[in-house]
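The chains carry the letters A, B, C and D, assigned in the order they are written, with residues numbered from 1 in each.
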Amino acid sequence: MAKIGVFICHCGENIGAKVDCTKLAATLGEHPGVAIAVDYKYFCSDPGQESVKKAIRDNNLTGVVVAACSPRMHEATFRKACAEAGLNPYMCEIANIREQCSWVHNDPVQATEKAADITRSMVEKVKRNNNLQPIEVPVTRRALVIGGGIAGIQAALDIANAGQEVVLVEREPTLGGHMAQLSETFPTLDCSQCIMTPRMVEAAQHPKIRLLTYAEVVGVDGYIGNFHVKVKMKARYVDTESCTGCGDCITKCPNKKILSEFDCGLGKRPAIYTPFAQSVPNKPIIDKANCTYFKNGKCKVCVKVCQLNSINFEMQDEFIDLEIGAIVVATGFQVQDNSVYGEYGYGKYKDVINGLQFERLASASGPTSGKILRPSDGKEPETVVFIQCAGSRDPSKGVRYCSKICCMYTAKHAMLYAHKVHGGKSNIFYMDIRAAGKGYDEFTRRAIEEDEASYLRGRVSKVWEENGKLMVRGVDTLLGIPVVIAADMVVLATAMVPQPDAKDFAKTIGIGYDEYGFFNEAHLKLRPVESSTAGIFLAGACQSPKDIPDSVAQASASASKILALFSKEKLEREPVVATNNEATCAGCWGCVLACPYNAIEKKDIVDRSGKVIKRVASVNPGLCQGCGTCVTFCRSNSLDLAGFTEKQIFAEVMGL
Amino acid sequence: MTRILLSDKLDNCVARWRKAGLTVIGPVKKETSSSYATVEKAADFDFGIVLPDRSIKGLFFPQTEPMMGYTIKKQDIATNDFAPPTEKRIIFGARSCDASGLAIDDPLFGWDYKDDFWFQRRNETVIVTIACTKADDFCMCTSLKLAPDSTKGSDVLLRPLQNNKGWLVEELTDRGREAFKEIADLLLDGSEQAAPLAVVPEKFNLDACVAWLKNPENFDSTFWKEISMRCIGCGSCTFLCPTCHCFDFQDEGDTYSGIRRKNWDSCSFSLFTMHTSGHNPRSTQSARWRQRIMHKFNYFPGKFSVNSCSGCGRCTRQCPVDMGITETLQAISTLKP
Amino acid sequence: MSEPFEPKIVAFVCTYCTYAGADLAGTSRLKYAPNVRIVRLPCTGRISPMFILKALQKGADGVLVSGCHPGDCHFTHGNYHARRRWTVFRALLEFTGIPLERVKFSWISAAEGGKFADFMNSVTEDIRKLGPFDQYQGLINETEAPATL
Amino acid sequence: MSIQEQYKKRVRELLSSGAVKMVIGYQAGTTADRRRPLFIRTPEEAEKLVLDSACIANLSGYLVTEGLLSDEKSVGIFLRPDGIRSINILAAEAQLNPEQVVILGFDGNDKEVTALQGEKARDFSAIIASIKEHAPEAPRNPQLEQIEKMSPKERFAFWQAEFSRCIKCYACRQACPMCYCRRCIVDSNQPQWVNTSSHTLGNLEWNVVRAFHLSGRCVGCGNCDRACPVNIPLRLINAKMAGEVLGAFDHFAGMSETQEPVLASFKKDDSETFIL
């Protein structure tokens, strides 16, 4: 026999002013199965909770209904109180008589009636509640970090330094990502490689980190704590075990005219190469598309010069399977293809470059050894025009969002230019200066005040060539006049966009993404580093445009989430999951199709001899998120959802 | 010399009985389905129906009957019994097979427990049977040793005159005589010949069937599986049968009050014998069909000395797969006992 | 003059959007008609057509079903599945003669407290105009009466 | 040779070659216009086979009889196009393996029948596709149109009159090839979603739930309608719902062995004119 306790909270005047709580208690006291119904000023207070606990113990209550504020406020509070009094926490339900009653109705009589209905209905529900236990899922304490840029490296190092295993997967031949391409970084102007390469080496040498470069994640199955990951190891044609990275093959390779991806096409590299001098691992790969041997079947110069026989043209892609407990997705970004801006002449005029190319020019390890020289003729530009928002905040041709870093790096470019080309004149077309961040506004001020960058508020309408100069026509909206500047170089502050395959990749690993292809966080404010899939976390620019400090912060946040997850051998989850009655299941698999989480599997029921008698649906509680879509589909009513069972809801409706 | 009720007086009779407080019921066809239903005037009757789709059983043992109401209170549960209805009725134009069916079930409902709902209705209902002058391919009363003019279960038997002119009246019971007193002045004396009865050929040898069924060895005969292979396990034969009487109890209601109901149930349903454990002693449709035949022609007569079948033929007539008692017993007739 | 008819309305809502929207209406102290009783479910995907039938059996004069806007489902797809079921079930109700004015569907997000309050008011007013659902009540009454013929 | 004799020959061949272990067809019934399901297991038994315009019942439901196909042997079955569509749905819903079903297809009107070429369900996809294509212009049931024209109140009254006759014998369910559940929702009593009593409310609930469960799955074979001992026009509801899912989701039940169930799938741009 049910013995339900009903606790009616006045919430001070919040409920008490509209709902006659004393009368409500008297009404509910007469309800079948209610052992005690009391009202009190603030049940969420310490003495309030104590009185609930005492009532549970004194009356041996089998269930509790707290008629108070929304369950979204204090359900957890009262469940905890119930647990402390020895009652299963899931035997507690909240009747929402504040947000959905006293606050929204004027008439005290009607409000009291409605409150009674709401509370009765919850009493009927709680009578059918079951003692639930949190679901325990074993945790594989090994993290997978996808992407070896600064965010991925940071996350990997944080997790590894806490003593947990990490597999770090990078699809390029080296760690480093975009940060390795940068010259100096704002707002401190410290050399990017100087701060980046030690971290790359640390990651590669860390005993807890297994580094897989030139590798791609091609499949993720399973669920939080228990992912099964398939990784494709792309063929490098160089055996990294025996290769010492001496570089003989690179120097001797006859095909040296290939545009370097790392230098954004401003430099050249051979067909066997490392992307840059400090690559980690510092072992070359063969660019199959451009290798003379692969194209013509002749050459093999690299084979001849390699004294360790590390070159292997027969090498094939390999697949490895990993057991993983949690995943950090740090797959980064790309810069937008500026050829959509035909009026800026990108791709048409060699001296119209994008911000990342400017980074390579300014980098000491870049194609010009850090000298700012025009790609067309190698001369120092006397006037440079920087165009901000070349893609960002442009719904017509570019993207609607702000890429966040462009204001800062454009200021930085102007400064670097001023430092490297004395007397050089920089003009910056901008829409707004967005310099929110520690030391950021001071930085842009410095560009203007110390390095004499000329900021023009307005957009550029056209760039054309005239007498060896790039003519930039724009408007200075502050002065309200059209401007034409004869420049030697034009730098576009290109938009940051998701990786071109981001949406497909999101589907592969089972996370959500937005209209652009940036991965969705579980909650923009409160769960910004989790993806919507439990156990998969986000770091860096794959989630939204970010600068280095933000990427690193998010990476460390993801790492700390994972370390919290790994702090236990088993993982506890809310037991609101579906269950199936195998005796009545007809095996039609509608639920399997309907489940948004692939949480329903087909299970064979076998007899003693091992013969399959029938196949039924089986819910994996680790994957099930408790939406109940399968329950509604199930024609035979075999599926049910703990916490919102058919019996509970039936009783709730019938109790109204 | 016998008494005669002329058709054109029927309207007056109906009015008399209704005035006397009787609900008048008879064969009625509404759109696509026929049944015994309340009539207000003679024109409502349809005596052309060979046999209404639904049997007379539901008038005495309704498909759902509220037995008891309950109200759940704080400490206890209050109940209130539903009394058997006291409505007085006259069924004018029952068929012999249907009336016989009631008589067959009387001992069942009065055996270890007297079912007030059944007997109250039986006592308050006058059954005026009209002997059949037409039969269809499914009728089989003669095979059950009954006839188109059997008087079993009837209070009055009417034999149709030629040309639908009226009926010869044969009062059988006090209840019948009482009801016909109301219309005594509307009857004539005469010596007309009744129309010829329907010819219902005998379709199987009942005694041979019963003997075969009684042989315990035949319980496990493969015959059962063969004969019932196409049975789809719907309950229509049992629900239309004038003698099938199985029921189930069901509580219906919300949190605060409800009603306990007696509902028809059927041995054709797989859940009928399902145990809580999940074990089902009659797990196959052939076992269920065997049960139905055995019950009607072996177990029931063993207890009440009468076969639980009046030969109406509804089981075959309405069977979606053209099965039924006739086919089964015909097949058994040809088997060695 | 007799008392104005106060309809009884049952709402089935998902906890992530419409229930939160109802909470927001509360925290915003919006006022609306007190005729609706809410049953909270995790997702519109959990809302079975059976719930609607049972609410009607319980004497509801109207039923509301509401959840997250398409694309916003906490469980990514629950509301898309729900939408198909509603389309089918609604057609079925219509064909069996249950007036569609009595069974309403909506998307109300956690941010739409105002929409929630307006919806409660408009539905209550609409159903008040329609009057009690006498036809269904007739069926309910029949279940409580002794057996007839 | 008449189609009946052709098919008798085919059945004998199938059985004697061991291609199938049984053929499900029709035989003569109690009266001249009735046909009974027939289970043919030997070539000799094929003599009993009858195939004519009175062979109407959709026999596909027999294939899901427990254990029939579990030995992985094939079974032959006489089916009209609606029955073939049932096979596709049963296959899509994992109730049978279509490779085990050898179809003896036929079609026709109330006077004569013709043979349909093909053996496996997929061989008939062109025929089914053409039925779907012509579905919108197919003549509509006049009673259906009449009901659609009624006011809600009239419709309610119409169906209550029909449902009040229901005796809850579940013949409709048992006759339906799609009602293969091990336990019907009406037999689930914790909780009792559907009132099992056959008062009009319970009858309404039962028939509405069944129609919902058949939405997008009913092929309109009419088995339920014919099985109903009190002649409730169940076919009308199912035909109405089939029209709805075709209109709303372009879903025509039983198009292929892999068709996704309409209520377990969705499109993000499904229409939603009624959602406020």
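FYI, a contact is a pair of C-beta atoms (placed from the backbone, for glycine too) under 8 Å apart; a residue touches a chain by one contact, two chains touch by 3 or more.
No experiment lies behind these values; they were computed from the predicted model shown.
Participant: By mean C-alpha position, what chain is farthest away from chain C?
Facilitator: B
Participant: Going by the touch criterion at the top, tell me which pair is linked by more C-beta contacts: A-C or A-D.
Facilitator: Result: the pair with more contacts is A-C.
Participant: If you average the CA atoms of chain A and of chain C, how many Å lie between those two points?
Facilitator: Roughly 37 Å separates the two chain centres.
Participant: Please tell me the distance, in whole Å, between the geometric centres of chain A and chain D computed from their C-alpha atoms.
Facilitator: Averaging C-alpha atoms per chain gives centres 49 Å apart.
Participant: Where the centres are mean C-alpha positions, what is the separation of chain B from chain D, in Å?
Facilitator: Here chain B and chain D have centroids separated by 32 Å.
Participant: Could you say which residues in chain C touch two or more other chains, in rising order?
Facilitator: 54, 58, 77, 81, 85, 143
Participant: Give me the residue numbers in chain B that touch at least two other chains, ranges are fine.
Facilitator: 58, 64, 252, 254
Participant: Using the touch definition from the top, which residues of chain D touch two or more other chains?
Facilitator: Answer for chain D, listing residues that touch two or more other chains: 183, 185, 192-193, 195, 197, 199, 202, 263-265.
Participant: Line, ring, star, complete or other: which one describes how these chains touch?
Facilitator: Shape of the chain contacts: complete, all pairs touching.
Participant: Given the complex with chain D, which residues does chain C contribute to the contact?
Facilitator: These residues of chain C touch chain D: 49-50, 53-54, 57, 70-71, 77, 80-81, 83-100, 104-107, 119, 135, 139-140, 142-143.
Participant: State the interface residues of chain A toward chain B in the complex, per the touch definition above.
Facilitator: Touching chain B from chain A are residues 29-32, 34, 120, 124, 583, 651, 654-655.
Participant: Can you list the residues on chain D that touch chain A in the complex?
Facilitator: On the chain D side, the touching residues are 93-95, 180-185, 188, 190-193, 213, 260-261, 263-265.
Participant: Using the touch definition up top, name the residues of chain A that touch chain C in the complex.
Facilitator: 70-72, 96, 98-101, 103-107, 110-111, 113-114, 117-118, 121, 512, 532, 576, 594, 596-597, 625-629, 631-633, 641, 643-644, 649-650, 652-654, 656
Participant: Taking the complex as given, what residues does chain B use to touch chain C?
Facilitator: 23, 25, 37-38, 58-59, 62, 64-66, 69, 82, 85, 252, 254, 259
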